[in-house]
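These notes are about the structure you will find just below.
Going in written order, the chains are labelled A, B and C, and every chain counts its residues from 1.
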Amino acid sequence: MRATAFGLVFLAIVAAAAVAAPYSVSYYQTEVLILFLINLILVCSYRILTTTGDWSLSHVVMMGVGAYTTAILSKYLELSILLTVPLSAVVAGLVGLVMVTPLIRTRGFGFFIASFALGEFVRLIWVKFRDPFGGPRGMIGIPNGEIGSIDFFMPVPYYFFVLIIAALCLSVMYRLDRSRIGKTFKAVYADEDLAESVGIDVPRYRALAFVTGTFFAGVAGSLLAHRLGAVDPKNFDINVMVYLIIWIVVGGSATFWGPILGLAVMTVVFEVTRPLLEWRPLLFGIILILFLVFMPGGLESLFTGLRERLVRRRGSEGEG
Amino acid sequence: MALLEVRGAVKRFGGLLAVNDVSLDVEEGEIRGIIGPNGAGKTTLFNVISGALPLTAGTVMFRGETISGRKPSHIARAGLVRTFQRNAMFPKATVLENVMLCRHTQIDENILKAVFGIDRAEEERNLARSREIIAFLGLDGFADEQAQNLSHGHQRVLGIANALATEPKLIMLDEPVAGMNPAETDMVTDHIRRLRDEWGITVILVEHDMRTVMGICEKVTVINFGEKLMEGTPEEVTHNPAVIEAYLGSEEISL
Amino acid sequence: MDLATLIQTIANSVVAGSVYAMIAVGLAMAFGVMKMANFAHGEFYMAGAYVVYVLYALAGWPFPAAVIMAIPVVAAMGVATERLIFWPTRENVLAGFMATAGLALILQVLVGQTWGVGLMRSVPTPYMGAMDVAGAKIGWQRVLVIPVGAAMLTALWYFLYRVKAGKALRACAQDAETARLQGINLNRMSMLAMAISGASAGLAGAMMAPIQPVTPYMGHAVILTAFIVVVMGGMESIAGAVLAAIILGFVHTFVTTLFDAVTAQMVGVACMALVLIWRPQGLLGRVKA
């Protein structure tokens, strides 16, 4: 009970801070916050895949599918942002469904490579077909979107729009993680043979995790496309994917909160190290290696370790 | 019609015939033992019946339906489940969570239900039934213990609990008492008998411990070099010269 | 396609296949022996090219000497990677793979900041002139890649099947635990595998330096191809990698000639997807019992 009350208070503080944030920072910082919220959806959607052990390397490309879908729907068909966001998610989910069919036949290292390759295939489609994807230079002139008289060209209104969507997506992903399906994903990872033997259709659940993850990646991509007003194939290449992996490795992926923590910390690191310019990827590479070698559980393992110690101490007090 | 009918089962690994033309009938309500020297192909036979490995040739029928060629999860849904020789479990989950996770065959799951948390009554029913299974196997004192912290004996019993969670008609146990002390062995033997007597579940067990097999099985099938050597009551089997030969041939004289 | 173009394309295919094979065998080897999945393998190739750029184009060494130097330099990088990344993360294939993605970033930045990012470094061609076959002109520099690749593969084959250390490596690839019980030092085998892996990538990069633009990001272009080759060949199978490399060399070159490079890449990926659907264990991969 106490834990729930603490959680609610914490949630209220986060919510209050999120609402107050754009009024106390500059426009530039609001843009950073918008990007943070979009990345939040992305990193949480990626964690869904990782719970089954499928560390796909195409996840950023799936975000790109959402972004390109939005670009086409809002630029050529002039659809409202209220339609482009869900439609982009559906298209990304469908592309995910097509990709996962061959992918499901591979496991572990084979899966990383095959997902990398299939992701590249999708990216090459954008490079190859100038019409309608704009070829290597991508597409520009994507509307920022508006609802009624609220124009999302200004960062503050758009920040609130993204905030609402992010809150919605995260709560759905959180419920999913806590649900029977979420637990089944982890069971598939923990012991595939046992899971299959007790009636869990392992390939189906891996596919479900993949498609659900790509659906939410599509949401993130759509929001990104509206903000940037432009998409290009380089926005979604393997380098960007490595950054997504860095967030989740730094934070950890055992709990729902790990990737969020990782993203928050690395966003701060990213902003603070701007003066390093071209040397910055070197720093991020070193951080990635250090975490994998010395703290494979990520930052969250500090908290889970602490909690376990507290529980154990409380337990021994109860006995004594 | 027998509950399980295996017809001419063959499993080949490259040049090696691990299971060679084995036919087997198991009647409903039986406790069947499968014995044989090390490497005789017992576990491989389990693997092909449960769908973990594809058959090279032959068919497996369960409750009058062909199940060979189906995936293990589908076979489990049809009511045939197996346990593993290793201590298979979800190590980080508690005993109760383990059993709950394995109740997949009993749940009609979809993503909307998961997200909106509807149908709590179903989860309640599952929880109640899981507790019943745990109590049946004498694990009720450990319900909230992490599986990885259990003793070896309790981990093996948890393996059986996880299989029972699927509500099987037929359960195949792969060396259920391996590595157990005599007291634990007696306890598990007793569980197996009660499974059949009280819950009406048919049992097939592969076992090395002859005493266990002879104590609870009505009928025993002997496998050697992937082939069925003979089949009969424990009495008949222990006195059969071919069986004694097979066991003496392998350095195992636990008869 | 006229005869000259056809011959030209076939020759280019063989050259491409040789380069892919040189790159991919190292990748397959490291994975086969100790499950080391090296994402920075493309950067090892890039490093080989930079050794030639620095020693031959800048310092004026003879081309063959520069190429030979690339072998120990990149082999040493392989050993360092094994010690600092793969050995500490050997329990988890994925961790090593991701950590080498970090290494790739580091190497790109270091090389880019030392020798420049913007302009492409071009290495002058040491062997001018071309072979004339039925009207098709095939540059000697390219032709040279074929015997060098063949020699490297033969040497590797000889090492793995005729030399004691090589046989030990193969034993590790078959079953590391049994190999360890037979007294094979896994620690040393793991280093040896990465040394060979690095050496072969370095040699490939060195040979390609005068043919390809030398940039800090040139590893990016080959890593995907190398991975596709390895997956198609069957992950741990060196012979499979060679076979898949030659197939992909022909596919890429012919599709590039007939259509364009982007389409060729797409067809390459499609080939891999087909292999995965039709034979998930790869062309020459073993099925696990």
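Structural remarks
Following the convention adopted for this analysis, a contact is a pair of C-beta atoms (placed from the backbone, for glycine too) under 8 Å apart; a residue touches a chain by one contact, two chains touch by 3 or more.
Predicted, not measured: the structure shown is a model, and the values here were computed from it.
Closest to the protein's overall CA centre, chain by chain, comes A.
On a Cα centroid basis, the chain most remote from chain C in this structure is B. Averaged C-alpha coordinates give centres for chain B and chain C that are 48 Å from one another. Centre-to-centre separation of chain A and chain C, using mean CA positions: 33 Å.
If you average the Cα atoms of chain A and of chain B, the two centres end up 41 Å apart. On chain C, the positions that touch chain A within their shared complex are 31, 35, 37, 84-85, 88-89, 92-99, 101-106, 108-110, 112-113, 117, 220, 224, 227-228, 230-231, 235, 260, 262-263, 265-266, 269-270, 272-273, 276-277, 280. Residues 50, 52, 71-74, 76-77, 81-82, 84, 88-93, 97, 101-102, 104-105, 107, 109, 111, 114-117, 123, 162-163, 165-166 of chain B are the ones touching chain A in the complex.
Those residues of chain A that touch chain B in the shared complex are 172, 175-176, 179-184, 186-187, 190-191, 193-194, 196-202, 208, 212. Residue ranges of chain A in contact with chain C, taken from their complex: 55, 102, 105-106, 108-110, 112-114, 116-118, 120-121, 124-125, 127-128, 238-239, 242, 245-246, 249, 278-279, 281-282, 284-289, 292-293, 296.
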